[in-house]
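See the structures that follow.
Two complexes are shown next, each including chain A; its partner changes from chain B in the first to chain C in the second.
Showing the complex of A and B:
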């Protein structure tokens, strides 16, 4: 249980920066997710925290200890690797006992046995202790690598996309178990992932990275409901948020958003008015989550006529790909939506949930 | 279902073709050895018979002559030193392989895992030992050996054999070490081990099959070497390859004893290859590690 802090951390491979000027503060016992697309510098950051990679500039400390790469001192973190990284020539028991036999711990064999057995019971791998990693399935391997980290009771857990090699069903199950574990552990966890569902469901806080730069840090709610910019907004949510370019119209002293061809028009919440007028923005981008588009069959004052559409049934959800004027929109409803092809289809947008971005991609906030 | 018989016939034909190919190759490769084996059981008169004899009364005279120095069929045994040469070969070859392993395996590990200046140049220099034919460098080495007092010594022979065994071990073992995923060693680092413990407890055990096959391969290469022994050794340190040549003397060629000596010479290679076959196949065909 220890806090982790990164101050102005930069990592360069040759001259190319993988991480630049990163500042993060992970609180003790926090479940902290580092999220970003491929090449964002997530794994580099994690390996620097682990002391496996040298920090080019800046400083990382865990608790009061400064992390120095390739140093012989023990920083007492455990890491779970994307590829499990089990020792193939050791049995499951030996794999899990290995960290306990290191010169930093040197536990006696009775203590090692009892710890390994405790952890393997809780992970339900106690039946495989005498097997070799090659004889295990992917999910079992992942449990063993989790177990190898858990037996140590480290100050910080580092997890590098631990679920990405599992199939969808198993990933879901392991995610649930991680969540359970996380409540029980009371240890800081830094978890790297490129899966937004994992990030949202596990994290206390999420740091969004892009090309080595920090875009936003916040709780899952903040990240999803109040993203700083277009980039963060479009990373979270599947199908992706609809980004519609348009204009701000002033009619009868009320502000409206309108696509350039005027096919979609809806009111802008009054709270944003001050900011819009102050910055004198005309062209803005509206971010509409597919979930905030209602699909209706009857004309009403707020409804917008859909010009053409294509629907896709994915079992529990029903996807609509719509065209309105020059704008393409994706909508989503619960299954049992509109299956037959109606002559007329309308949408209404939940206007209070729409996000607005300026031309630089920054979100326009109230006040 | 319907075309199953035809499929089977096709499979059988393919198998027959493959196996006859293998048999042909085996005859090509093994017949000389078989013929030498027959020679080693014949008397000299039978060996030089102009119509080669496949059926004859086998004799162990040749083996007795080379191993115990008995008089064979009226011919004076000219080389009762065969045992000494055999011992020389064993000492030099195993010595060379052991030294190469002790030096080459850590070198291979360093080349595979660490970043340092002139890394590739060093690796290339090791490989370049194999470029020049031995005969091209043997005279300078001979001169150096004479002045250093390494001529006709085991140490000198083991040293010069490094030219054969070391590049082989460094380069093949480097490949095996590179096959170990970085993450496994990183995991061990975070589990609280120094690089040396990781090398000893994780990396080395993982390359064991590769290590065995590489050691055998370099043993065979070294065992078969001829020129270093011929030039840099004398009677006391001649390896068996050079010693066997001694059966060709001024007045006659002792074909039978030479054949017997050849058979005894290849014996260690065959025995080791059999014992280690399991590793050899696995080591050469698969990567060393799959997690």
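Showing the complex of A and C:
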């Protein structure tokens, strides 16, 4: 296990920077997720850490060792790619022993056997050592693939979207499998993904990248509950957070959020008052997660009357698409049923869960 | 010529009677579709759903006239169309791979089917505008398809289908190349368009979420056979067999093998390893008319119908936490109960440790039972 640090790392392909001035500190034994949309620079970053790509500017170290390109044997990293890449004509044991048989390692067969057996016990695949990959389930193959990397006792594990080629069902299942295994890895893991559920589920901390720049680093709860900006808020959650533009109103010395047409009005928590007044913000954007919108059937003081033009069944939940004046909203409820045709409904917004952003998209914080 | 927008033109009811399709591969017969009967009503949004190789695309291609039918009949609005060529069947198509004309611009590609029918420029222009705004293609109308991303090309292909006046609209995985945000958007617009126009649509997908969201009725297919044809709600809560129950829902339904024993005026279910025991009464979703004591069954329960509780009851079981995921809006909890693993949909941000003991309650109204031999729901 080793820590990994990136100091002012920039990667350019030609004149275009794929990664700009990136600073990251991955702690020893941490499960660290690099997350972002396509073109964010995730894989370039991972390849630089692995020594597979040259760093244009800046410095990467693993433990005390500085990473030099094309010298990945010096830094002892193990990389797991999209596919498991097991040798089909080798047994599980032979697959796992393979990296240890390298002539550079000079390990005797007793040592090889004991390492493979240790790792296979911890991954609970000791019963399959004589089987061939074709006889294994997807989850077992994943374990063998991890095991083959673990026997080398790498200081850092690098994983590049290892679940992305699986169909949705298997991907969710494998994600939980991986989560069960992660405590047994006892090594630092850097995991690249564009799937926000993988990031939230697996990570100790998540780094959100966008166009080669770092947007936010934090625990899954920090990222979800306290996103730095509109960009980060929009990437986590499906359907996306509703972004509603509006104004700050002061009525009887209480602050309210109101859409520009006045169709939705709700109170702003007192904690945000100081910041709003200090920066003299008038125009703000409210970020309302679809789960913070409750569909109610009757009028009540807090209720907002909406025109719901469509609802969708998604099995355990129902999605509502709504319009209120010039604002469009998506809401999600666990019950309520499906509307046969467009309908007038009432909604209430869980105002304590609303996030507020300034005109530059930065989240407005308390204090 | 009528001057209209995208509203519905022709009546169309699609009926399939014992439709079969055999292929020959290396002189071996492969039965791709093994006798399908179904009726897609006029104005209905029907989704063909199933895993790859289930015969859903083949069935759609036979309706389109792109594949000859081995046996059976297909009727469009009461008229048998078995021997009509694709062009004579009055169907509009959108495919997963786009089949766009590379030298033409997006605008020309979309308008192509209307130009071919010699509609007036005014009609073409107004419909083009409507369909381009529906699918968010206004900005790219003058570009060639080669300069568009995969998702946009797929939207062009869908636009070219929707712009037409046809009896029925056939779509094969039309959203598969979009990212998840776009998919939500286009799915919503497509459904809104359908509610407005009530065109007859048959839509093929392997994505159960998409099927549940879009369909008036879903035809679930597997292994060349129709498994169930029903509303999304019934497909989800009253699956006819094990396959449908397992295929629909994410996370999938939990299944526990066990046996039934008489108890009061109902039954008691006991899992094979005796770790789990629950009453099954008249209010459950399935109750066998009669069962011998010790009869084998498979119990099914959806992840959202199990929840952690503070005190035990006759509907609760003791479990051990295996893994807990906090996923922003929801949590997924995997627990062990004897030799059974249960997946539970729960709240996010709970403080749960691996190995922790927990009592969970199983909603007695939502239990389903399957016959382990026939795999049918009891």
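We take it that the second predicted complex is superposed on the first by the 302 of 367 C-alpha atoms of A that agree within 3 Å, B and C clash if a C-alpha of one lies under 4 Å from a C-alpha of the other, contacts with A are read in each partner's own complex, and residues count from 1 in each chain.
To be clear about the criterion, a contact is a pair of C-beta atoms (placed from the backbone, for glycine too) under 8 Å apart; a residue touches a chain by one contact, two chains touch by 3 or more.
In this text, all values refer to a predicted model and were calculated from it rather than measured experimentally.
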Chain B versus chain C as contact partner of A:168, first or second or both or neither: second
Which superposed partner A:314 touches (first chain B, second chain C, both, neither): second
First, second, both or neither for A:14, with chain B first and chain C second: neither
Chain B versus chain C as contact partner of A:52, first or second or both or neither: first
More chain A residues in contact - chain B or chain C: C
Which of chain B and chain C A:220 touches, first, second, both or neither: second
Set of chain A residues, in rising order, touched by both chain B and chain C: none
Interface residues, chain A side, partner chain C - complex: 168-169, 172-173, 175-176, 179-180, 183, 196-197, 200-201, 220-221, 224, 236-240, 289-291, 309-310, 312-316, 319, 321, 332, 334, 338, 341-342
Parts of chain B lying in touch with chain A, wherever the complex brings them together: 181, 183-184, 186-194, 202, 205-206, 289-291
Chain A contact footprint on chain C (complex, rising order): 180-181, 184, 187-188, 191-192, 195, 207-209, 212-214, 232-233, 236, 248-252, 302-304, 322-323, 325-329, 332, 334, 345, 349, 354
In the complex, chain A residues that touch chain B: 47, 50-52, 72, 74, 77-79, 81-89, 98-99, 102-105, 133-134, 141, 148, 152
